[in-house]
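Which chain is which? They are A, B and C, in the order written, and residues in each are numbered from 1.
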Amino acid sequence: MSKNGITRRNVMRNGAGVLAATAVGAPMVHAQGTAGSLRFAFWDHWVPGANAALQQLAQRWGAQNRVNMTLDFINTTGNQLQLTIAAQAQSRSGHDGISLLPWDPGTYASQLEPCDDVMSRLSAKYGAVNPVAEFLGKREGAWRGVPATAGTQTKPACVRFDLLQQHAGIDIRAMWPARGERGPTADTWTWDTFLTAAEACHRAGFPFGLPMGQFTDAVDWVGALFLSYGARITDERGNPTIRGNQELRQAIDYAVRLSRFLPNDVWAWDDASNNRALISGRSALIFNPPSAWAVAKRDAPQVAENCWTVPMPAGPRGRFLAYLPYITGIWAFGRNKTAAKSFLEFISERESAELCSTMSQGYDIPPFLSMADFPVWEREGPPVGTIYNYPLKAHQQATYSIAFSPAPPELAQQMYIRALNTQVIARIAQGGESMDTALGWLEREINNMRRGG
Amino acid sequence: MADGTVMIQGAPGSVANSSFRRFARRRSTIAFLMTLPLILVIGGLVAWPAGYAIYLSMLNRRMTQFIGLTNFEILLESDSFRMVIFQSVFFAVTAVILKALIGFWLAHMLHHLPTKGQRKWRGMLLVPWVIPPALSTLGWWWMFDPSYSSINWLLAIFAVPSVPWLGEPWWARISVIIVNVWYGAPFFMIMYLAALKSVPEQLYEAAAIDGATSSQRLRYVTLPMMRNIISITVLFSLIVTFANYDIVRVLTNGGPRDLTHVFASYAFQVGILAGNIPRGAAVSLFMFPILGVIAFFVLRGINRRNREEA
Amino acid sequence: MSSTSAPQAHPRGIFHKAGSLRAERRWALWSAYISLVVAAVIMLAPPVYMLLTSIKTSAEIADLSGNPWWVRAPTLENYLALINNPMFRGFFWNSVKVTVAVVSISMVISVLAAFALGRMRFWGSQVLATGVFLTYLVPDTLLFIPLYQIVGGLGLLDNAWGLVLVYPTLTVPFCTWIMIGYFASIPKELDEAALIDGANWLQMLTRIFIPVALPGIIAATIFAFTVSWAAFVYPTAFITSPSEMPMTIGVVSQLIRGDTFAWGQLMAGALLAALPPVIVYAFLMDYYIAGLTAGATKG
């Protein structure tokens, strides 16, 4: 059986890419006199055709460096990528490099090759890295991977500007025009305005489609909401900061009030439910990367033409933008680590990043702040400029954020997977618990997670 | 659910004859060799992992330290896990009762039909049980979808307000049970139908002549004759339902608010997704007591039947 | 449930009218048909709706204005897309490969063991038979975490052969159990005659017992087939790359793509994956049911 396994492995080495890449051929570079081979696993992109960018890059780099490149693309639905990472770490074998989810560099730090050399060269060229990516990627004193462009996303508001105008009287395009400047009313784009608009649209039968379940879309936007109220659940060392935390109470209270104007089953929505709500034309606003809009362009063009992406509303402590980065890590048990590093450096170059962003119809956000000016975000449409404000730009006066920061990653990962922030809201809004009971539950859960570590 | 009685039958003939003795020894060697693969599978892939699970459950998260029963303690102290226990029990018991009742009803109805027509109906009613549950649950999931629910569309025709099938905890629990009952009731139907067919017709005739109403026939003839099969089917189904994973995984993934998690899905989330393998192992070990109780009843049933036949 | 064990217990104090018997029969027949029609509609609704969805275009699925139970522009594009997709065909072949391997392994193991346990008693055989039965009571969801560690230690995570290794835990106990029942029901005179004729045990098994117990073997084979085709927990935990995935997990994890699902393709995939068991049951259902119920009704 094991002999078969080995042959299969070889077969896979040659053919896995073809099988893995849905409908698209994989890069099979057979350069002459190869200097080894590399096998990478990347997140399987949600935007149709976006995987091809990495494939092109791998092909080009492989040909130049005489390395056989194989790319596999792994999905996050059903937590497939998470399971793969866990399995490879467990069995200490697998790909040379793999897309890691936000908290993974911390969780698997000891098994990941430090990439400080790559990052220092890239930073020298392109300047500052996204602070959230740095917070997540730099663990135990070293970069545990290279922040990726492909798949990295933010979750601003995707607004049906026609519905918001008609029912809430807000001209969102005047507020956030497709130019590097704020509209005259941009300062009024706060959570309070948002609540009024949510109520108006709810009354009109087009409630905002904001998930409150346990999937990333829900956890991410609620995380940004909490931060904009200055609400932290734990401190840097993981100690719960829940008792007497007025900001936290304020944020939760706001979310509970907002939830009354949402569809009654948002508590079970997954990452696709909000997209379906938008595409079906039943919702006036969702927090999502442009994938929902991109699918609407195909399946419901009359919806897509009325979409406009704008920053998240601001709270008392400022405006935050939910950011979900992928970080490509190199396993320390891999054999060809030098080559893997130089491949990662290559795909992080400005030209490579731009190719990814362009081929993903603007979905991919590069990790270097200096790259927020790719023309793709100005060009895409209809309507043209609809995703101009998708990457964070200076005039938005916003900060990138991730839910549960600044908790240490091992704890944050568990809180993230269990979606403690949306759960505490749901206990009050849906379960009818009092604020104190729910917060007591939250504190006990966190203490439980920390025990027996 | 093959016969429990069999293995005690086939007792060796008298081996008093001394020339037979060598042969008997040889025979037992051959027999042992023939069962060896089975012993290896059970020992290596069931007994050993079960023991290993107990060991794992006593380690810390990084699996570097032995921490005794702390994982179990932590779990029992956690509200979320207590809800998992409640939900697992509630789900399994409700679903099994419903499956048994519906299965019995359908079997009874099928039994009324002329034998010729039975096969067609039986085939139709068995369809849910034939489709792998992970796949049919996808269909249910799509029917429960908040924006596109085709069930709500049907309800709307009768002016029933749309139901948040998977959004509200109790509806979500009901939805999970509906799918499980839909999938499992045909199995009960088949088992009960077979049992009904094995009740001798004369008993009914005798009862009819005595003027028993149909409910009396059910109470005094059918049920006693089916006692065995009912208890076996219910016990088996309890185990399978308790250990269910695919329906919860596909339909709700444990949500909303972790209230539809059962042992298996919670173990998966804690153990493999959140990377705490020892605690995940501890969660799934909580299934052991219920299995033990059921195993006890099953064994007792077998023993009793053995005695009866001895 | 009644605790009365005597089935002949006569109901007391009943006066009957013989003439009402026929009316009662007719009423029973009608109520049976009504119940069955209702049940059949409910039982068949999900698969039918899956079929309807699978022959719609994405645009029609996304359109909320129409009757979801009706197809305006039927199309086979979802099926064609899947059949032309090498990844999907890969799922199919993985399922076939794993299932064939598991069924053969399980049947060899369980027929040999059942013969030994059912017909050739030896020291500990009774305990072992009970043990086999108890093993069937241990669910896969209890074992997947330790097996994850064990399979990982063997380097078989993310490898379809790893599934061939672990699936027998699901199939062997029950198959053995069915076969013990069948072998034991064969008259003792048969093997005595064979022994006198000088046949050895293996010849006895292959020439006499296997042919006679064929219905049982078919039932056990169908059971093993169903279980390995539909297995979900182990592949979810152990298999991560699409090239190694069997159908069930492939459809669930790969066709649900991203944050927007292609429902048409998803339903088409689910139906295609459900097809082999449906076909098998359409032809062999009677054997299977006989196998399942044989022991239980005898008792």
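Quick note on the criterion: contacts are C-beta pairs under 8 Å (C-beta built on N, C-alpha and C of every residue); 3 or more make two chains touch, one makes a residue touch a chain.
The structure displayed is predicted, hence computed values, not measured ones.
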* Structure fact -> Greatest centre-to-centre gap (Cα means) from chain B is with chain A
* Between what two chains do the most C-beta pairs come into contact? -> B-C
* Asked: How many angstrom lie between the CA centroids of chain A and chain C, rounded to a whole number?
  -> 40
* For chain B and chain C, let me know how many angstrom lie between their CA-based centres, rounded off. => 13
* **chain B residues counted as touching two or more neighbouring chains** => 147-148, 272
* Going by the touch rule set out above, which residues of chain A reach two or more other chains? -> 83, 276, 280, 282
* **Where chain C touches two or more other chains at once, by residue number** => 64, 148-149, 165, 236-237, 252
* Which residues of chain B touch chain C in their complex? -> 1-13, 27-28, 30-32, 34-35, 37-39, 41-42, 45-46, 48-50, 52-53, 56, 102, 105-106, 109-110, 112-113, 121, 123-128, 130-136, 138-140, 142-143, 147-148, 150, 153-154, 182, 186, 190-191, 194-195, 197-199, 203, 206-208, 210-214, 216, 219-221, 223-225, 227-230, 232-233, 239-240, 242-246, 249-250, 263-264, 267-268, 271-272, 277, 280-281, 284-285, 287-288, 291, 294-295, 298-299, 302, 305
* Okay, in this complex, where on chain C does chain A touch? -> 58-59, 62-64, 81, 85-87, 90, 148-149, 152-153, 155-161, 164-165, 236-238, 240-244, 252-254, 256-261
* In the complex formed with chain A, which residues of chain B make contact? -> 60-62, 67, 70-71, 74, 77-80, 145-148, 164-169, 172, 252-258, 269, 272-276, 278-279
* chain B partner contacts - residues on chain C that touch it in the complex -> 1-2, 4-11, 14-16, 21, 24, 28-29, 31-33, 35-36, 39-40, 42-47, 49-50, 53, 61, 64, 67-69, 108-110, 112-113, 115-123, 125-126, 128-135, 137-150, 165-166, 168-169, 172-173, 176-185, 188, 192, 201, 216, 229-230, 232-233, 236-237, 248-249, 251-252, 263, 266-267, 270-271, 273-274, 277-278, 281-282, 285, 289, 291-299
* Asked: Tell me, which parts of chain A touch chain B in their complex?
  -> 79, 82-83, 86, 107, 213-214, 263-270, 273, 276-277, 280, 282, 410, 413-414, 417-418, 423, 426-427, 430-431, 441, 444-445, 448, 451-453
